[in-house]
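Same chain, two partners: chain A is paired with chain B first, then with chain C.
Now for the complex of A and B:
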């Protein structure tokens, strides 16, 4: 039986292979961090837009508070925050309740904006983006 | 000899691979960082300008005290503060790619340069309809972000 000779690997060559491995691992981590940062950037812009949309919506509701009874309004928006008819990336849920009190009416509005799909490379990033509760008292 | 040649070639290729990988990392980093910086800038300009106008309106929030007026080339949001003896005006307008504000006595003429620069913003617009003031600010990507404020009767 012929004895196989072990393959000799020179130490500089091993060094290069190890360096390549380290480079590959670091690259994966760095790319992951970069992609996460990019998702955070998108989330920050979405938060700003969600805030502005929710504030504006709350203003509209309270200008016409008397027209609303106990209502739930759902509005869908796509990735670019354009209104769509359903299955939007972002969903705004507005709950309005109007209660008679001793001296008038109390309108309570809850505006919530939910993201249906998570941001890539960000853990637990789906769900509620923002949530507001606003109240207005009318004495008529 | 031949083996040595291949070894050198392999080493050179490996170094090239290192260089390409490092360069791509660097370029990706630059791209992501400049994207973040641009977004932070954009968000700051939009949030500051819209919040500033909304807060100013809410401070003097009465339908009759707030109106929009064309003054020279600029469309202005005018908020009147009338205490019965004197009437002062806060005028907010977009001029020279920035949002400006000026506080003056009612009826006094002024130049657009006289105002105080609040924040730089690509474009800014007001629109008053049915007691709702719609404010729009344009970001560097050309997208308008809007905010509505209800004027109290």
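Now for the complex of A and C:
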């Protein structure tokens, strides 16, 4: 039985080529992971910013509740949370209803901030960022 | 001279670089995920506060409606909102849970044909906080 001679690859160039290939594949994976981490960080920052903006807007509206009857306020923001006139990346929707009670008024505001486009490398990351209902009773 | 492809300095260097990149990328994801979890908890806390706040505003509205009818039967409100209302003298108070560790305390004064809000604050629920886990810190006194 004839033994097959092991194929010997000459020179350290093969090692370099294999190493560079492995490095390239790993780099692509690692860059993907870093970009995913960056999207997570952006989502985290956006969540806190959305929360602050929604709270500020809601509290401002409730300070002047009598000026807002049953109405819907829509505000658009770009990715840096600067107000824009339309087609923003983030949209804040505030539905305000004011109902008369026995001795006063109950103002109810549903605050919602929606992200229109998904975060890169994060699946199903578009949609509602925050949503809550705020109520104020005033009897003056 | 022919040599087979083996583990040389370059392979070791690549393994080292890949390991470093992997460690940094995992650290980045873990940190970002922890930040996101913290942000979600913050939003959940605010949402819970507004839920309790809205309920408190509803109770105040109901109390005001009762006062308009010159009634002091607050049991109707207790049943409607599922909370205990303490009524002593001219002071009425109630608690509403916000989170596992906090609650909204509202205290109102029923004098003057209506009510005045005396206290409206979120306070810790001491029963749910285990203060027995104390950290022995140095108090500045030498032993």
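Here is the rule we go by: the second predicted complex is superposed on the first by the 110 of 140 C-alpha atoms of A that agree within 3 Å, B and C clash if a C-alpha of one lies under 4 Å from a C-alpha of the other, contacts with A are read in each partner's own complex, and residues count from 1 in each chain.
Rule of thumb we're sticking to: contacts are C-beta pairs under 8 Å (C-beta built on N, C-alpha and C of every residue); 3 or more make two chains touch, one makes a residue touch a chain.
This structure is a prediction, so every number in the text was calculated from the model and none was measured.
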Query = Does the superposition put A:121 against chain B (first), chain C (second), both, or neither?
reply = neither
Key: More chain A residues in contact [chain B versus chain C]   = C
Query = Regarding the shared-chain residue A:68, is it in contact with chain B (first), chain C (second), both, or neither?
reply = neither
Key: Which of chain B and chain C A:139 touches, first, second, both or neither   = second
Message = Per the contact definition in the header, classify A:130: touching chain B only (first), chain C only (second), both, or neither.
response = second
Task = Using the touch definition from the top, say if A:60 reaches chain B (first), chain C (second), both or neither.
result = first
Request  = Mind sorting out which residues of chain A both chain B and chain C touch, each in its own complex?
outcome  = 16, 19-20, 23, 27, 30, 34, 37-38, 40-41, 44-45, 48, 55
Ask   = Inside the complex, what are the residues of chain B that reach chain A?
value = 11, 14, 17-18, 21, 25, 28-29, 32, 35-36, 39-40, 42-43, 46-47, 50, 54, 131-132, 145-150
Ask   = Across the complex, what residues on chain C touch chain A?
value = 2-6, 8, 10-11, 13-14, 17-18, 21-22, 24-26, 28-29, 31-33, 35-36, 38-40, 42-43, 46-47, 50-51, 53-54, 57-58, 60-61, 64-65, 67-69, 114
Task = Sort out for me which residues of chain A touch chain B in the complex.
result = 16, 19-20, 23, 27, 30-31, 34, 37-38, 40-41, 44-45, 48-49, 52, 55-56, 59-60, 62-63
Note = As the complex stands, chain A meets chain C at residues 6, 8-12, 14-16, 18-20, 22-23, 26-27, 30, 33-34, 36-38, 40-41, 43-45, 47-48, 51, 55, 101-104, 106, 108, 130-137, 139
